[in-house]
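Heads up, the next two complexes both have chain A, just with different partners, chain B and then chain C.
== the complex of A and B ==
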């Protein structure tokens, strides 16, 4: 296949401008598509971050009750009883936050009371039996005991005292106490000492700053009430979430007809909204990549077709001098391979440059080197696919063209 | 070497069938230098095109070097063109993007020859036509006569048994034409079989044998001195 390389290169040199333009187009496509695919991969893996909760079965209903705030606890108990009575409802609680739920409750965490700045900023999760309701896995220690829970409004009013226990994710535990068990360790949250009694597999924060901090979360045994920012979390039996959501709204309305339902959403919807921008960006990048590849393929088809038409006579002459159809086909395939290779080589350098720029501007990770050979193969393939039709047309030029033009 | 019997070539278009050759008979012996003459449109180029396996024919037989060529597939025909036949065209047909050296190399590459041997043959052929010093020039930088000599070098480099030339001097002035003719005579003396189409009676006279084509047929000038200006066409 490569026997023709030298004369092809000298021919391309005679058509330097056209060849250069195509090489640049391939290089730009290579560079942009490599980075775009990398960004897409990065976003997609972020969007797929596991939450460790029973995503398909969960929902959240936020209500706003008008009127005097008397008997908060009785109302919550009545609501919960109504929700539990729904056929298909498996677990029910009032909680403050859901992974990727949008409304974050953050606290500074210190390992030592006298510490100047916190060791970590942690997302706080509250709610009775929240672990059981969400389906989060406990990987060490124990869950909260019933007597450890206290009402959030009582805690705020000083009518109750905290039981000073907490659960944290294994990510946070490993960070704070590398190589040791976190169970039984004391940390300080809001100046108060709490003892770690349980370790959770994972529980992503409601709103994530840096991705590596996604599981920096801590759970405390507080009973939430809607008036203090809590929402009703309902876990349905598998496959029944949609109708349970409808029934739950109706049930809550029945308990208190004048209340406003601020939000009633399936968890999949909540999570989908959180990643909406990432999804839009992914679609945009994919569209740009496809468009670039298509435009480049068309550019190759166009130039190859032009060259085949322009060289019709010399193709006939080559055939007359003994070139087989295959040899003519190979000529154009080799020519395309050379142009693509030059484009790819330049494109790799450019891809790296763009990546360095993105790394500086947007704190992106370095482009893994595996993208380069994959990108090269894709562009070589694209080039060969695009050049095939014109090359076949060239191969079908009859040798008699040499005498008859 | 080249034997056609009752050969016919019909060009069909939607409205007409043109008999470019009919009952065409010719027998060129090994080592002969034959000049083909005839009026415009009589079928000279058609004959040469079929002789050089650039085109297929419609009827009759053609034996090239003892082989009936009508049965050969495209690859086999390409190989025979490459190994046994050298072409010289009126319009030179050098490849404009390649320099003289690379032009002469074209048929040798299709033969899959080693680089060292290719180089040797190219330089020998260029030496032969007196253009060794122009190896790095491009066709556009050469005169017509020089371009045709490069084309001859390209035809010679593969040491073909049969040289086919279609009005090789048609685009050249008298002096350059004479130079090309002398070169062909020299090549012939060295053993090649040459079939040359020409309009020039003076050049034709220098060949060993003259074949006159009229209306797609070989005629004996002494017996049949009539003149047809056009090929026979039949409406279908």
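== the complex of A and C ==
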């Protein structure tokens, strides 16, 4: 095999431009595909971020009542009673937001009242028995007590006083109080002091800015009302979500026929919408990668076929001089291997360069080095597979060709 | 001669059908992907107010307290009720409008139609004239209506179709949230892309269907939505937003010439300094006056994914071009013998070059036409994606023409390399080996 290298190199020198183009094509393909696969992995891992809630059984219904809003609390109680009466509905509440639900309610959190800028921006979750309804796991401390809840509209209007307690996620707790328990600690949210009474396993924000802040969330014991942007969250018995959603809409309409159902969706649908762009991007990246590999493979087939056709006489001469079929096959395979190797080497450098640009533009992590050998193997394999048919055709050139003019 | 070259080219391309198909397909895929992504980028980064955007400005200031400074160098993009009203009543710009987003249930007289929610905008009179919003029937309301909180409304084309079957509904009654409003105007279809005047309701959110004077909307307690940012411990109850320490309104002004801009800048700066002196503003007296496009740039409205897609498509196009050039070169070089004979028979290097270039151009053109088809298909697929911005992905003619010409030019330029390389073949060498 190695003995072939010298004649191959000298042949390629005579086809310098063609060979350069092929190398360039392999290099570009390698660079783009490596980065595309990396981006796909990055998006997929983001799309799979666990929410820690009973995703399959949850739904949200947002209603808007027409006309002046009088007794908000009585209306909420009536709605909740109607929802609880639905067979298959396990837990019901009014909440302000859901993990990956779209609209986040953010507040600044400080560890010290006099501190200049907040230690973290946290997404807030409100709703009576929200932990129980969502199915979020409590990993430390306790849940809110019934007497700690207050109506959000009363709090805003100053008609009720806050009980100054909150729950936070373990991620946030570890960030704010590394190495110690957050339970019993005091933090300041929007200027108000609150004591941490419970720690949740996780509760992703409704809209996430930086991914590492996904669990920067805090829960307050506030009873939400739809007029303040709350939605009805219903958790159905396992497997009954679809019919519970239908029944819940009907039940809410029965309470007040004139109201508008703004949204009625299963949680899977809500989450799907949040990640729709990521999913579309993943599909696009995958499609482009496949298309690139196919185009490059076909390009190799085309070019190799030309070279085989062009060199029929030389091949015939070599065969007449005693070269075996295998030797001819090897020749073309080695040639392709050399070209692919040059393309891969250049491609790796390019891949790295593109990654540096992407890191700067899109705050992506560095391309893990493991992508490079895998990419190399894929392209070598692709090259060998593409060149096989033309090489076999070359190997089948009979020695008698040498005698024809 | 040109016709003859084309005939030669087609004949040569026919000789190797699979290869020709591969070259055309590669160029078509590359062009299709590039046109699709560039069109999406073009639409999303477009000017929402063509011809006007340079004279529409957003006065910015910082009324927040010292407590929270998450983004000390970023000014709020909204104003408080007090500042908005002060600037509005100062009327130092040619036109000015103060506005907030709403979302309101609409009831039809036809009881068979369930009430439905439409996006609404509560604004002051100049909104329509300042943004050049086209009317189909009637007109906007007046500043006097703003002051007297008249119960009037302007409705969008779609709502007019839905409620009044597209007829001239000026003078008819619109029921929103149990409030009766008199329709004074009906808009022709209009949508600002991006939704620059209030990005909080979504960078590419759809246009509003109900427009109500801001004062009327507040007096009638119509449902407000949109982003609010509050500070301090004062109540931010929905009913008391006028006095709350919150920014929740958007304020825009129209300034037609540099002198007006400079004078407004001075006025705004003076206003901010005055508020600091009065002790209302606690932070340093900073103000800004970006115009529409500057504001959109600052807010980084175009999704970064869209730019990434453009780079991906261009990279793909590059690979496809390199692929095609390589194949074309190999093909031309294989015909070195034929070229040698032609050269020996007296064909000039120039005419050989022209002939080969025509062959490359045929591939470029075929690829370009195929790419156009693929782009139409690609845009249809983009439109099927969820999201408010996806539905905007339509080909507009200038965009189409430009990208089409550029991509074919790229394909032909790529064809130059093999044509040039081949026409430099020394005829004697080729004849000898025959």
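In the analysis below, the second predicted complex is superposed on the first by the 400 of 405 C-alpha atoms of A that agree within 3 Å, B and C clash if a C-alpha of one lies under 4 Å from a C-alpha of the other, contacts with A are read in each partner's own complex, and residues count from 1 in each chain.
To be clear about the criterion, contacts are C-beta pairs under 8 Å (C-beta built on N, C-alpha and C of every residue); 3 or more make two chains touch, one makes a residue touch a chain.
None of the values given here were measured: they were computed from a predicted structure.
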Combined model on chain A where chain B meets chain C, clash or fit: fit
Partner chain(s) touched by A:310 [first = chain B, second = chain C, both, neither]: second
Chain C versus chain B, contacts on chain A by residue: C
Contacts of A:402 with chain B and chain C, given as first, second, both or neither: first
Which superposed partner A:361 touches (first chain B, second chain C, both, neither): second
Partner chain(s) touched by A:258 [first = chain B, second = chain C, both, neither]: second
Chain B versus chain C as contact partner of A:321, first or second or both or neither: first
First, second, both or neither for A:111, with chain B first and chain C second: neither
First, second, both or neither for A:21, with chain B first and chain C second: second
Three-chain overlay, closest Cα atoms of chain B and chain C, distance in Å: 8
Intersection of chain A interface sets (partners chain B, chain C): 15
Chain A to chain B touching residues, read off their complex: 3-4, 6-7, 10-11, 14-15, 313-314, 317-327, 398-400, 402-405
Of all residues in chain B, those that touch chain A in their complex: 45, 48-49, 52-55, 74-75, 78-79, 81-83, 87, 89, 91, 93, 95-99, 102, 105-107, 109-112, 154, 158, 166
Chain C residues touching chain A - in the complex, by the definition given at the top: 19, 22, 26, 29, 33, 67-70, 72, 103, 105, 107, 114-117, 177-178, 221, 223, 225, 232-233, 235-238, 303-305, 307-309, 312-313, 315-316, 318-320, 322-323, 325-327, 329-331, 333-334, 385-387, 417, 421
Contact footprint of chain C on chain A as seen in their complex: 15, 17-18, 21-22, 24-25, 28-29, 32, 36, 39, 64, 66-68, 108, 116-118, 121, 153, 156-158, 191-192, 227-229, 258-260, 262, 273, 276-277, 280-281, 284-285, 288, 291-292, 295-296, 298-299, 302-303, 306-307, 309-310, 358, 361-362
